[in-house]
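First chain A sits with chain B, and in the next complex the same chain sits with chain C.
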Partner chain A sequence: MRLLRLTLIAAVCAVTVAACGSSGSSSSSATSSSSASSSSSSSSSGISLVGLANTKPDPSAQHFGGTLNIISGEGWEHLDPGASYFQIDYLVVYATQTPLYTFTPTSDTPQPLLASGPPAISDGGKTVTVHIKSGWKFSNGGTVTSKDVEWAFMRMFNSNVQNGYAAGYFPIVGANPAATTDAPISGISTPNTTTIVFHLTKPFGPTMADALTLPGTSAIPYGSTTKADKSSPSTWDSNPTSQVFTGPYMIQSYKAGQSLTLVRNPAWNRTLDGIRPAYADKIVWNAGADPTVAARQTLDSTNLLMADGPPAAVLQQAYTSKKSQLSVAPLGIYYASLNTTVPPFNNLDLRKAAIAAQNRSAYLLARGGPLVGHVATHFIYPEVPGFQQAGGDAGFNQDYISHPTGDMTVACKYMKLAGYPNCKYTGGYGQYGSVLIVGSNIAPGPQEMQIVQSGLNALGFKTTIKAVPQQTMYSKFCGYVKAHVNVCPTAGWIEDFPDPYAALFVPFSGEAIVPINNSNWPVLNDPAVNKAIDNAAAISNLNARYQAFAQADKMIVDDAPAIPEVWADNALVEGSKVKGVLDPWNDDWNLSFSSPS
Partner chain B sequence: MSFGTELELLPPEETSADASFELEGGEIVARSPMQLFWRRFRSDRVAMVSLTFIVILIIVAIFAGPIVSLIGVTGPNTPNNNCPGPASQCALNLFGQPTGPSSLHPFGTDELGRDVLARVIYGAQVSLEVAFISTGFAVLIGVTLGTIAGFFRGWVDSLLSRFMDVVLAFPVLLFAIGLASACALGKGCLGGLITPGRETLIVVIALASWPYLGRIIRGQVLSIREKEYIEAARSLGASNSRIMRREILPNLVAPIIVYTSLILPTNILFEAALSFLGVGVQPPTASWGQMIADASSIFNTAWWYLVFPGAALVLTVLAFNLVGDGLQDALNPRAGR
Partner chain C sequence: MGRYIIRRLLWVIVLLIVVSAVTFLIFYELPSANPAVLRAGRSPNPALIAAISKSLGLDRPIYVQYWLYIKGIVLHFNFGYSYQFSLPVRTMIFQRLPATISLTVGAVVIWLLIGIPIGIISAVRSRSVMDRTAMGGALLAISAPSYWLGLVALYLFANDIGIVKIFDGAGTYTGLTADPGRWFGSLLLPWIVLAAAFAAFYSRLLRSNLIETMSEDYIRTARAKGLSERRVIWHHGVRAAITPIITVLGLDIGTLLGGAVLIETVFNIPGVGRLAYMGIENADLPVIQGTVLFGAFFIVIANLVVDIVYAFLDPRVRYA
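Coming up: the complex of A and B.
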């Protein structure tokens, strides 16, 4: 899924990982027991989840009309459905656009939205056929056809659109991720106005079926973005009000980083949609607020929804005195990436030493403690199938990852293996002259950076901290490969859909590395890992598939490309009368299901 | 003669406490200006208390490490590593929020579980070091240029005075923020000469504060240069540099001391402000300004994190100001009469 815009707010899911899909709770016993594991660890730590807000839809109690008010600390990164890959952006994109399939607040299996039924997978998983509904209208009055869906895919492979997942999730014959135009793709055919057929380079059909829930599959009028997509980045993103919409809402006004207003899309047909009720007449979103102020304001209000998680201090206040306005749901994982391509962490033993020296318990506390997660030991997290196969909470028991508060003895062992007998680093650095740590400047980003810094300093590494706005962190540092940032400690990931492929491919496969908008922050490119992920993705038998991904997870942990910090839960706060409905797959509000009352 | 031991004959009303001579066993005892100064200063109780505070603060800053060990708290950059754990050892609660003052942490902890008392003590090091060094440079530059401007007058004075005006009008805070941002990465700017941290902070503060002293010194020199002994020295063939060094500068000692003591607290505040804005010393180094900045978002639940470094800053600045007032009164007893 997406990068979690986790950094926005302390305690919770603020991570800005690329959007990831579903909550992954459906299809395997592993998943459900994983979820149980997560909640039981909360209760054993003295935290009780009883009395929290009910964030499920309640049609009998929700009313149509009115204005839904949203507040957040961070603004939006990409509202172009072809580029959108952040958790917070998805709130808007899924309310204004219509992908082929979607998850809903009550279902974690893909439901046909623009599609008229489930995808047909044939040819051993190498052909996927989708039929779309007839009569769906664009906001400009045009009718949606299969050619418009094809255009959406052509855009995703235009590198100017800067899509972060197309190459990984849509291995379509003839697709060229290095294209700089909206070029036709030979592997996509549209035999009629309501049918689109995808021919794949490998038996990837079952995985791709889940990926058809991603926003990039939303229909865009064929040819309408040709001019905009010639620029790099595409200018279709810079003025969202000029887009064409297929969802229940459309963007009426937009000020980057500040405000956004959605109004009803008159061309949208509720009956044809069949899924999204769209209660509110208008949605007003103010961004750029101080997270602490925004959280307090939300708790004191009747009608506000806060799109980021609250800072730890307010989280405590919400838990102790306004529990009915607080919700917690499984989210994803936070980790501190270690750049594997530049010194000093291009050395495996130094990476293991860095992991061993880390106090991951302190990191969890900085995010808000056991209410919002528990210490991680590997990269498939509790709500993703395959978690139990990967060892569950204990993981694979590597010595450098076994001590949540850090173990300097183990760290020293790896320092010696790296050639530093005094357990202190005395070697060289890259272009920055020290280990450059870049993270979000919004709490708990600065705290997280200092916690990671503390562990590295203990091993003698010279460190420099740079706290920047979230968007800058992604666009100019951590997501920009040539920046060669050594450590990005506020990284996070949510799976795009409930499958371990979505949890591992984009963050850790070398095949997913892109020069800009990159989500493989460690820039890990281990051929063995790449192959293990690819092979696992081709397995259709679920148990065998999850076992194979668990093995890939172990290989990634053995490569030590990142410090797995916290398996996170997302806490959100809302006003006392507003009815906020959570999307478990996005771990944030669903604007089409939430209502002002 | 412009300086030296002298017998000071005071009007009758000033003979009781300020007399420069005393009758001891029937003999007149001379007092040096330094002795006179110290007598007057010592009689100002407020100034003496403030001076004592400053001396203690300097000692604490110099011996911060041993003092922190003696008190028995964890070091300033040591996050609490015992969490989650027994309440008596864990400095953070279940939500990662810092705990308040306790026997283990007399000033409480910050959001990383670091001891606030230790950070306040180490923060004194940063504040005093930056303030003293930057003030020293400011005095050096201000006195030099102010003396030159006041002595030579004419186009030299005009040029230097306008330069001081430009520097005074310069938006120093914005400049410091821009500098920190532009030079934050890699080897910094100008081949590594400028990087965020203590050294750059000292330079920025020194460059911002020297004009204050420069203008004052210029005014003093304009007055002193008209004295007869200056004319006498000139008529004896003394060079300009000799006159400035041997005749003018010694008479500037009093105002230099007084205004230095008044610029110091301003520079302490300046350092705190720059650290508050994130352009001072970098984490995890403790700095009062940075602590206040970090504390502002959690003040509602962690008042101690703002109060203790804030109180330290206020008391330090107040002490320096009071010492400055005391120096002013002691060096110029006729002022205000």
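Coming up: the complex of A and C.
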């Protein structure tokens, strides 16, 4: 459930569009969520990928030893695995901790990591049983048991730890997301030292199996954080060097927002792990860099990995002259939400008219052109399983979505259906007296607001634009249900794990609506959609599951709660000799698979 | 003078209280985002928001909140916890203060070493080719935004991405106690970039003051008494002309100690300015408040020091 950080993608760069080549109509789409850029000759937007960096693991060519150097503009927010919920944080946490399962750079199904095998789902999907490996050690020498995994779950539901996803992905009997202590959860039992059983409130087992890849499931020594977790926020996050580690690395030094050093965890057992090679002896990460400078430093280096995306101008330079140091991979989706609860967009036909009138190609240009993605047609995006079942690039071919540059004839059709025979809106508005459009005040927010305004004005809507800081947008406007904002054009989403549930539930299910910091910005609450998502979440068979979610995606598109803007790609750069390996689901480096050479 | 200093110190306290009150009002009563919501993270349930509001005291009247905040600062020197990093703001500021002090002190030395001689020479040889060249260069340096200048300097001279690889690049800052040589090397280019505009401004300021001073009657008298030109310039001219420089210097030092945001950002120097920038980027209200208060503190103290030094430099100034 991660809102897409707007700073990941390049700023306005119309020049880049021209230099990048064709504007890219649909071409080959990713058929698997794990396909990185080098697996096909062109990206899903038509940009040539020939010559780009190979970001898949290559054990025959990678070497053990040495120091892996990372640079980034962003710093880390939470390195406590119970609190960690940010793309950059995941790089560290997945290298230093060990969740029950993991997605690897080449798999899009969960692989057992701390667990010894796949979870057993029973009782109609309401019971999940996991066996963990024997003999796994903490960095302090203790042995990991099922009680330590139970403690991790207890912490996740302690509001002082501030976990952002526990309540949504772990509907465990007795779990209280407002708890202020590490309280026992009645729905978790540990019949022996290597078995943990979860009893769920609903048939959610197949989806929870994917969610067991999240870092909060990493074992923490039972009771070790009691004192720290009594504070709000938990102080266990304040000094990551004092944590206990189960991964191939441990945090040797840490300065918030500045630097981080990882060294090998002597208690980690490569054979028992079975998945992570952990090539580097040491990982040194310097954060807080200016993105332009950091990107140039990385491209001019032999040994740097840049953990966040380069700015537009450097991206263009890299694509032109240093392709072998550039990778491009699917990231997430951007869309403009239309509030379905207040006038005028509480009318379905008016929403369809609004979508039809939009020049959705303009959103792509505002973000930097075909190198940063391509025009979206539905809400399961290329890297998420179920994309092909949902029609791939073409989607479901609804007439109001079919034309990327907009179609006023179709828009007029829906205006007439809504009761406006002149194709111009003359009806009422909500509390603001016009359509209120609220977006981020950093690029491309202002441009996107103007694009959506232009389309709406063409249909006769009165519009007002309000540009605000991003956090304000989330907490006081678009994410605050009572604000009743009509349009939020800078909505974005990246899935927490490669499963369509993680792509659709929080942004579009009525069950996910919360009054504050809400992420279902259209406030869509269609019982049929809610039920379709819930039913799909209970399906174990992957093909049937993806088909069911594709159907839910179609139902969402039919509800027209948002203008699909861009299926975003993310670019990363690396030094000329370092071997960066990408985690496609997180679209960032996997430090345990990357190597200095 | 003693009474003057005590009175000024009392005013410092009053000023800081006013700054803290205004900052508090802006960030807590007129915030760009709900502090409890910022703390709560993604998709929080209402019970969680209420619990955090209670723990932060946000459910209390504003004057109670402010009293608790001031009490925390005065009694415990507690500036609260960063929303983003969950660390005490005080710890974060003090961790970064050495870097900011290093950057400021070095830049001050450089801009004084450059600005004052150029100002004097330009004044003494006003309207010469050298003067026009120096003042033209000064105008360029003042006009160039420091952020742009920093980037250009890196692209020209940094040893990783530069064309002429002579200085350490961005992100190489090391603490003085960790490695003095590397500390010096990592700050050389940032010092020069930061000093450029200030040196230009100081040279222009000193030039105009000195030209005016050198036309005074007592200067003519000094020459008539047979003093050497060098003595006339240094002991009589510069001494009088430099007092405004002291005033401005104090203010500039105070401002920079609050954080040279742009230079720290371009060169990735982990100073207070960079911290303030990150706080603004992430709506981390306690960090923003803490850095604003620190900046205000340095500025008011710098003002006081400047006024005291001014009294010693200029015997005509006496404080009641």
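Some points to look at:
Here is the rule we use: the second predicted complex is superposed on the first by the 347 of 597 C-alpha atoms of A that agree within 3 Å, B and C clash if a C-alpha of one lies under 4 Å from a C-alpha of the other, contacts with A are read in each partner's own complex, and residues count from 1 in each chain.
Going forward, a contact is a pair of C-beta atoms (placed from the backbone, for glycine too) under 8 Å apart; a residue touches a chain by one contact, two chains touch by 3 or more.
As the structure is a computational prediction, the values presented were derived from the model and not from experiment.
Residue contacts after overlaying the shared chain place A:Pro370 against chain B, while chain C stays out of touching range. In the superposition on chain A, A:His78 makes contact with chain C only, while chain B stays out of contact range. Using the contact criterion defined above for the overlaid structures, shared-chain residue A:Thr292 touches chain B and also reaches chain C. In the superposed model, A:Ser234 lies in contact with chain C only, and not with chain B.
Look at A:Gln87: by the touch rule set out above, it reaches neither chain B nor chain C. Once chain A of one complex is fitted onto chain A of the other, the partner contacts of A:Gln162 are limited to chain C, with no touch recorded for chain B. In the overlay built on the shared chain, the residue A:Ala443 is in contact with chain B alone; chain C does not reach it. With both structures placed on the common chain, the touch criterion links A:Ser361 to chain B but leaves chain C unconnected. In the superposition on chain A, the chain among chain B and chain C reaching more residues of chain A is C. When both complexes are overlaid on chain A, the residue A:Ala512 reaches chain C alone and has no touch with chain B. Note: residues 290, 292 of chain A belong to the chain B contact set and to the chain C contact set alike, using the contact criterion stated above. By the touch rule above, chain B contacts chain A in their complex via residues 77, 79-84, 92-97, 111-113, 184-187, 278, 282-284, 294, 297-298, 300-302.
Those residues of chain A that touch chain B in the shared complex are 11, 45-47, 290, 292, 311-313, 315-317, 319, 359, 361-362, 364-371, 405-406, 431-433, 436, 443-444, 446-447, 449-451, 453-454, 457, 464-467. Interface residues of chain A facing chain C in the complex, by the touch rule stated above, are 1-3, 71, 75, 77-78, 85, 159, 162-165, 167-168, 177-178, 180, 232-235, 237-238, 255-259, 286, 288-290, 292-294, 296-297, 300-301, 468-472, 474-476, 479, 506, 512, 514-519. Interface residues of chain C facing chain A in the complex, by the touch rule stated above, are 32-34, 37-49, 51-52, 55, 81-82, 84-88, 92, 95, 151, 154-155, 160-161, 169-171, 265-268, 270, 274-275, 278, 282-283.
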